[in-house]
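So that you can tell them apart, the chains are marked A, B and C in the order they are listed, and the count of residues begins at 1 in each.
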Amino acid sequence: MISAEAVSDHSRPGRICQGQIIILIAIVLALGKFILPESLIRPPNWLVWPFADWINWLFDFIKDDLGFIFVTRAFAAGIEWLLDVTANLLYGRNRWPRLGPLPWTFIAITAAMIGYWLNGWKLALLSGGTFVWIAVMGQWKWAMETLSVIVVAAPIAVLAGLLCGIAAWRHRWVERALNPILNIAQSLPHFAYMIPVVVFIGVGPKSGAIVTIIFAAPPMIRMTLLGLKKVSSEIAESGMMSGANRWQLLWQVRVPSARTEILVGINQVIMQCLAMVVLASFIGMPGLGQKLLQLLQALKIGRSVEIGVSIVLIAIMLDQCSKAWVVKEPKHFEKGVPWHERHRLKLLWAGLSCLAFLAAEFLPLADQIKRTQALTVYKQIDTVVERFIILADPVTQWLRGFLIRNVLIPMRDVYLWLPFTAVLAFVAGIGWVIGSLRSALICLAFVGMIAMTGWWDRAVITTYMVSFAVLVVIAIGLPLGIWASRARARARLVLLICDTAQTFPSFIYLIPVVMLFGVNDVAAIGAVIVFGLVPMTRYTIEGLRSVPPEIDEAADMCGAAFRQKLWKVRFPLALPTIAVGLNQTVLFSLFMVIIAAFIGTQDLGQEMQRALSSTDVGKGLVLGLCVAFIGLLVDHLILTWSARRKVALGIS
Amino acid sequence: MADGSETVISCRDVWKLFGNHPERYFASIPSGHNFDDIRNDGYIAAVRSASLEISRGEMLVIMGLSGSGKSTLVRCLSRLLEITAGEVIVEGNDLSALSEKELIELRRSKMGMVFQSFGLLPHRTVLNNVAFPLEMRGQDRIERRKRALEMIELVGLTGREDYYPRELSGGQQQRVGIARSLAIEPDIWFLDEPFSALDPLIRREMQDEFLRLQGILGKSIVFITHDFDEALRLADRIAIMKDGLIEQCDKPDQIVLNPATPYVAKFTEEIEKSRVVHVSHLVAEPSGDIAEMEPVSASATVRSLARRLISDASEELPVVDEQGAVIGVLKRQSALELLYGERS
Amino acid sequence: MRKITQLAAVGAVAAAPVSVSAMDSSDPITLATHNWSSQIVMTHLVAQLFEMNGNNVELVSTDSQAVYESIRLGDVTAELEVWEGAFGVAFNEAMEKGGLHDAGDHNAVTREDWWYPMWTKESCPGLPSWEALNDCASLFATPETGDKGRFLGGPVDWLKHDVERVEGLGMDFVVVNAGSAAALWAEVASAEPTKRPVVIFNWTPNFVEAVWPGEFVEFPEYFEGCKDDASLGPNPNATYDCGNPADGYLKKAAWDGMPEKWPSAYKILTTISFTNPQIAEMAKLVDVDEMEPEDAAAHWLEQNEDTWRPWIEGSS
């Protein structure tokens, strides 16, 4: 995203001076608000363009006049057929091939064997155990509803991503065209994807699957492109000299050699699929996500926790399995190893599966566990939670009141008070100071577009929530990261926790905050903070721990005390990495603010939910783009700064 | 080896420029522009006006430091890179005139190449790596397995057919690379710094192995190296490159004895010439009677005669060729000068 | 269960329906569920009735506004609760576009509007008039709303026009949307111990009135055109300057293709009619008794066989 020109640093003093002048103008505009004409305070009507109407017109044109809806419906019918097959196998939906549902024991055994094959008995325990938990807790059908969609959506997303990635690698213009689209796509909030899908495809599992595919494909495109670019020229040349034609060269030489990146892409696709499938409950996707949504809305904490645990287990299992696949290298058997030894795992699997089917035949409990037979601990959880809440209530009530009265409301008012022209000037000035004239113009364009959509106030509220959350995240995450980075074992533990937490679908983070604060603004911000804390902590640790040991030792030999060393040596060096973490925190926070809309906020997210409800594509996309622009603005500023810093420090 | 036999590869006045629209630039290039002038115009002249001929069964070593254009040149000879100007004729075909299909056909039947970092396919076993070129040209499974096993035996890796590349040491991996490049029985064998990534001991071992193979196979070889010792050790002829230009192309003895440019001379300074120069290059007319004396072989290196030169004080030694016929004398004085350097 | 026998029988029984209604298609009937309890239970209940009739039924959870578009296109077959106040507009719009129709009313009167529990009247005695409510707006103030009163509205996707009404009538209130229906009840429950005055969005039939007696606020009476014509009503410059209809309908809506594809199920659908107390009971089973919707539906069917038996018998 950063061109070489933006990184070159020759015009530094002039640049900063011009930037400062613009920031000064911004301050003057803000201070002089009371004498400003109204049109400089709020975007005047002539500036607000009816983008939503245009988009709606365009969609209607494509949908009805060009008859595109038949294409999408035909595509959806194809997807639905696949979904019916997996739905039948996994939870016995009454569709072809009418074989299902497969006994839960069989699926658990298969999962455990895959886990064992990928990374030994620990992973076997995790994957098998996940399914046992789901079955025993009586959530089998819901979990299978969720998985039946992932099983269809993930491979299609992988394939689509792979093909787009290859096209982008082969043709420079495709890459150039895709790049901005991917940038925006990856900063659009989840809901923005759902509305067009509802328009074109409708509601239910197939729309859930399709929105999941669309949402999950971009990282695959990126990773495929990266992987293909990284294939060493010698390997490609050795393929050419072996007489491979283009097709053979691509599929037998380049793609297999990009295996690692492609598998990392697959891991990302799977995790994105899970995140989206859970959220797609908003457009009628059944399964664990929908159950969680309903239970959370009904404030049934105990049952939400049970479902939440299942979702978390599935997330960890999928993540661990796909990551193990990335590092799993093929291994040879020594000569003379007999056939049954070579295929030991397959035989074992076949044997155990037969046992499972037999058991299912004679023992209903080994086939399906009904909800009446299932274990449940929600009453106990509820009791514990209730006691805890009674205990914590004075604190949370006080905190809630204090935050709303003394922090959130004043902060929101200040944000809303600012004239939009001052914000524009300020952002442009910052862009100029950090980057160049080009950065200033980019920033100006992003904010200007938001002003032109007419959603200025809502966008400002979103910004205020995100910026408050990010401030809190920095205040907690930075010290936490510094503390964790002081000892290797501790750092590894915290990193592990962060990595694991990062795999959870964002929805999960709502459970504890709803439990503590109920359904309101503070809960929403709480969820954003918890969610954003993960990347901040993670990158702080990584930044501090990746300071070269020689520099560390040099500082020791200069007699720096721990504190001096931290602030004078390690921290400045780690800052560019930490900035990347900050960037992710902002993006994560934006997403979470939007998701949290359903527990009652007043920002863009709320409007987006309205747009989703009234299937207003234009409004939904415009709002989505507003969110994306905020994200891209921050992304541009932080990455430009970080790249400059890295060049200045000579670390790449 | 090379004498009088047909030319397999010939390249004439080959240029390779990197940059935007190199052909357009090449057409307008002022004569007398050197490497740096061209670079200032925004182009890299990786190969400049290179002309070479490789005869059947000959081993040509292209030697140069990194960035000298040697790897680019060998890629021009195999059309892994399109040349900017000039022509490359391989087995009578103008390489740049071949269609993609014909080029692939040529590679499938006539060319093999070994790479510096081996270029093995990480997802295939040793056997499947070696069989890869055969698979590409559509040979059936049984036949290609048989042929691949032969090749694996040839390079001494029998028993490791089912290993994956990452399970092998560097030297073993390069043996796989060599086996693969030989699987289709190529006439022309390109080796791009095949031993540079190996540590010195293994490198030496692999060079011996390579000489053994060449002894059996007798291919036409283009061998790239940045190691002058290696070049001297292996080459029938050496081409020395600098900044895209071939500075000198000649037999090792000639290069050592008569460096064409100061740049070449700098390489040869450090070399113990007596190891390289064969007696045949020092043969002179006899000035006295030599009949009685025990003759020396024309193909021996001067170094191998050191002991005799010191113990035997006669001024001239008779030199015989492979058939045992006397072809002249070796003057003790000139031989000792070569051994111990000229008196200064 | 009994996989192996099932496997063997797959080819033979492929799509044979199990019951009398041989004329109905074996394709599943899709019913939509939303985010309030009575609707979810009623949908499950009707689904179970259809199943008794030998139909295949599938439930999808959809947005309560978007569902009419889905019915129009045949993605969803029927909707069981069309509330006049909340969904009348979307329903009528979809009907104009074509593809869905009115499948009859329930024997219920609905009302959705601002509502307060009885204790609120103690501190604001002028209620239920809206002017009186506006005069005690400061009683309802919270930290979020400053000195204005807070009105806790339903979830955003119910698309209520409370904000417009507050503006149209010039009220000193701020509309805050609750995340869910449960959040509304939670608010009343938390106000109860201290008899704190609250005003929330509520509707009837609902279980709430059985738990907390209360009243709807009396706004200027609803009239035709209030929602589209600014010049009508007390405020000549604003729409929505009126209350919601006090005697709204509760309808069923069906896809136009349904009568042809599943004639016997369609007959059941048109016959079904629930009353206010029955609907309130359904909501109570889930919201108060904490049953799963499926179980609540089954429970209701068990208890009220006299009510539903005639509906399905009439169809076959």
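Here, a contact is a pair of C-beta atoms (placed from the backbone, for glycine too) under 8 Å apart; a residue touches a chain by one contact, two chains touch by 3 or more.
Remember, it's a predicted structure, so these values are computed and weren't measured experimentally.
S.K.: What topology does the chain contact graph adopt: line, ring, star, complete, or other?
M.R.: line
S.K.: Between A-C and A-B, which chain pair is linked by more C-beta pairs in contact?
M.R.: Output for the comparison: A-C.
S.K.: Could you grab the centroid distance between chain B and chain C? Build each centroid from C-alpha atoms only and quote it in angstrom.
M.R.: Each chain's C-alpha centroid was found; their separation is 86 Å.
S.K.: Please report how many Å separate the Cα centroid of chain A from that of chain C, as a whole number.
M.R.: Spacing between the chain centres: roughly 34 Å.
S.K.: Find the geometric centre of each of chain A and chain B from their Cα atoms only, then give the gap between the two centres in Å, rounded to an integer.
M.R.: Roughly 54 Å, centre to centre.
S.K.: Listing for chain A: what residues touch at least two other chains?
M.R.: In chain A, no residue touches two or more other chains.
S.K.: Where on chain C does chain A make contact in their complex?
M.R.: Residue list for chain C touching chain A: 1-4, 6-7, 10, 14, 28, 30, 32, 35, 37, 56, 58-67, 69-70, 73, 75-76, 90, 143-144, 146, 155-159, 176-183, 186, 287, 290, 292.
S.K.: Spell out the residues on chain A that touch chain C in their complex, using ranges where they run on.
M.R.: 93-94, 97-99, 103, 198, 202-205, 281-286, 290, 294, 296-300, 357, 360-361, 364, 367-368, 371, 401, 404-405, 409, 518-521, 597-600, 602, 606, 609-610, 612-615
S.K.: Along chain A, where are the residues that touch chain B in the complex?
M.R.: 232, 234-235, 237-246, 248, 252-253, 256-257, 259, 329-333, 335
S.K.: Would you tell me which residues of chain B are touching chain A in their complex?
M.R.: 75, 78, 80, 100, 104-105, 107-108, 111-113, 115-125, 132-133, 136-137, 159, 162-164, 166-167, 177, 180-181, 184, 190
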